[in-house]
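Letters are used for the chains, namely A, B and C, taken in the order the chains are written, and counting of residues starts over at 1 for each.
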Amino acid sequence: MAISTAAPAQRRYQRLEDFRVPHGFRGRSALYTQLWWIVQSTLFGMSPQALFGWRRWLLRVFGAKIGKGVFIRPSARVTYPWKLSIGDHCHIGDEVVLYTLGEIEIGECAVVSQRSYICTGSHDYTSPTFDLYAKKIVIEPEAWVATDVFVAPGVRIGTGAVIGARSSVFTDVPPGTIYVGTPARHAGVRTMKS
Amino acid sequence: MAISTAAPAQRRYQRLEDFRVPHGFRGRSALYTQLWWIVQSTLFGMSPQALFGWRRWLLRVFGAKIGKGVFIRPSARVTYPWKLSIGDHCHIGDEVVLYTLGEIEIGECAVVSQRSYICTGSHDYTSPTFDLYAKKIVIEPEAWVATDVFVAPGVRIGTGAVIGARSSVFTDVPPGTIYVGTPARHAGVRTMKS
Amino acid sequence: MAISTAAPAQRRYQRLEDFRVPHGFRGRSALYTQLWWIVQSTLFGMSPQALFGWRRWLLRVFGAKIGKGVFIRPSARVTYPWKLSIGDHCHIGDEVVLYTLGEIEIGECAVVSQRSYICTGSHDYTSPTFDLYAKKIVIEPEAWVATDVFVAPGVRIGTGAVIGARSSVFTDVPPGTIYVGTPARHAGVRTMKS
């Protein structure tokens, strides 16, 4: 069965021919951005895992603030490095995406484990031009975002918080708490061994 | 502790040595299919993001129906292009998989965001030969399948519907509604700004 | 707003500068491990899909026990092959990760479908040094782990069990049952056609 089509003027929800990335949204030119993506898929992405210093250097060259002793796996991806800040001794795992349409700030000694997606961007789906927007995400120091976690635009994850594997975080997470699920809910307090 | 093994005749659930892809299932020869996959991982997958026209052209050469102004990211994957139809002005995001064991039809101005998986194929797990089957998926015009959504075989997503990030869709979604969760449930009506 | 920082001595949750991979944890030298990862991203990962025998051979060279007639897709990943055992006639799908920090044992005629993550490793988040640990995962014969399933450290999935697409398994699954959801719960018994 064929699906119906409509003339552009009759579209009710999404007129994507009128969709535009807002002027200056990237913060750098399209060409510079494309250059980073080529670097990322080659010099960064194909580097042996042990070369953490090399990847830190590449990210800094493209404008990221990266602390000392930060471990970023070669399969991790950063959309716009110039909107990224990572404190000392953080770990960023395999296939993590730091989708920095807006800023991402990660405090020292925080961990973002493999396959997690830190998503600063979304669309206003009440607008027929499907307007793109971004909201800063903050992961405070000593937090652990475990495997395959989704963090939504605008979220702040508090110091030392733990987000359980496979959770999706749509609201702020208070410091020192454990959140799990989709959407992530309070599941306990993080208590340390004495 | 070692796990037990059984002689093939004693297997109760899956005799995979007897599993076969049904004759003609792919719709093209194994060699032609393999050629596409090589093209996909090189000429398509390594192309700079800006070359949207180039990737549209490659998909059409391999039999896909792709409308004008369609944006497909280089990290998106299409299993069998000859079973794919995409209307004008659609967006297909990073790491999306259009798993076209069966047909996938995407209406104009629809969006499938990053990491979503449109899955037409499954197995009959009540059959010891684990029979492969496929059911067509339709994403109607102006629908938005947000980030990391799974769409199961046979599903139809209605015009203008929104599927929330990280949802899994196992049932049809009516036009103009918002569905979220795993399994995705009705969460509201899509109301547009006047 | 800047996020606060603390002197290392004042850190309450994670002192990652003191994090260490336990001695001998990998079971092979760092250099040998790195060699495998390079092989995996080139000779293994870039091989045409049809060359299943070639990939079985590469995994065996690096210490994996791989049965006959095992189908492993080129985009699947094995962290340490020497901790992997797969029985005859198994299928391992696209983008599956067998994260063998601890052992993974997969019985004959089992299937792990695309994008699933078999995760033997985690961290003790009650320890300020964020101690790494691993627990063996067993997938018994004739089980089906469907698409995009997460299996947590220490889990045993019983013979012939079915884990539904997009589920996350944190507890053992009895033989012959169907589990779905996050966390996965009992949803039925697997009944075969007579």
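Going forward, a residue touches a chain if its C-beta (ideal position, glycine included) is under 8 Å from a C-beta of that chain, and two chains touch if they have at least 3 such contacts.
Remember, it's a predicted structure, so these values are computed and weren't measured experimentally.
> Since subunit A and subunit C are copies that touch, is their contact same (over half of the numbers shared) or different (under half)?
Counting which numbers both chains contribute, under half are shared, so the two copies meet through different residues.
> So what angle, to the nearest 5 degrees, turns subunit A so that its CA atoms land on those of subunit B?
Fitting subunit A to subunit B on C-alpha positions yields an angle of 120 degrees.
> In angstrom, rounded to a whole number, how far apart do the mean CA points of subunit A and subunit C lie?
So the centre of subunit A lies 24 Å away from the centre of subunit C.
> Which residue numbers or ranges of subunit A touch two or more of the other chains?
Touching at least two other chains: 182.
> State the interface residues of subunit C toward subunit B in the complex, per the touch definition above.
Its residues touching subunit B are 46, 48-50, 69, 87-91, 105, 107-111, 114-115, 138, 140-144, 146-148, 159-160, 162, 165-166, 176, 181-182, 190-193.
> Applying the document's contact rule, which stretches of subunit C touch subunit A when the two form their complex?
3-6, 11-17, 19, 30, 34, 37-38, 41, 97, 99, 117, 119, 122-123, 125-128, 130, 150, 152, 168, 182
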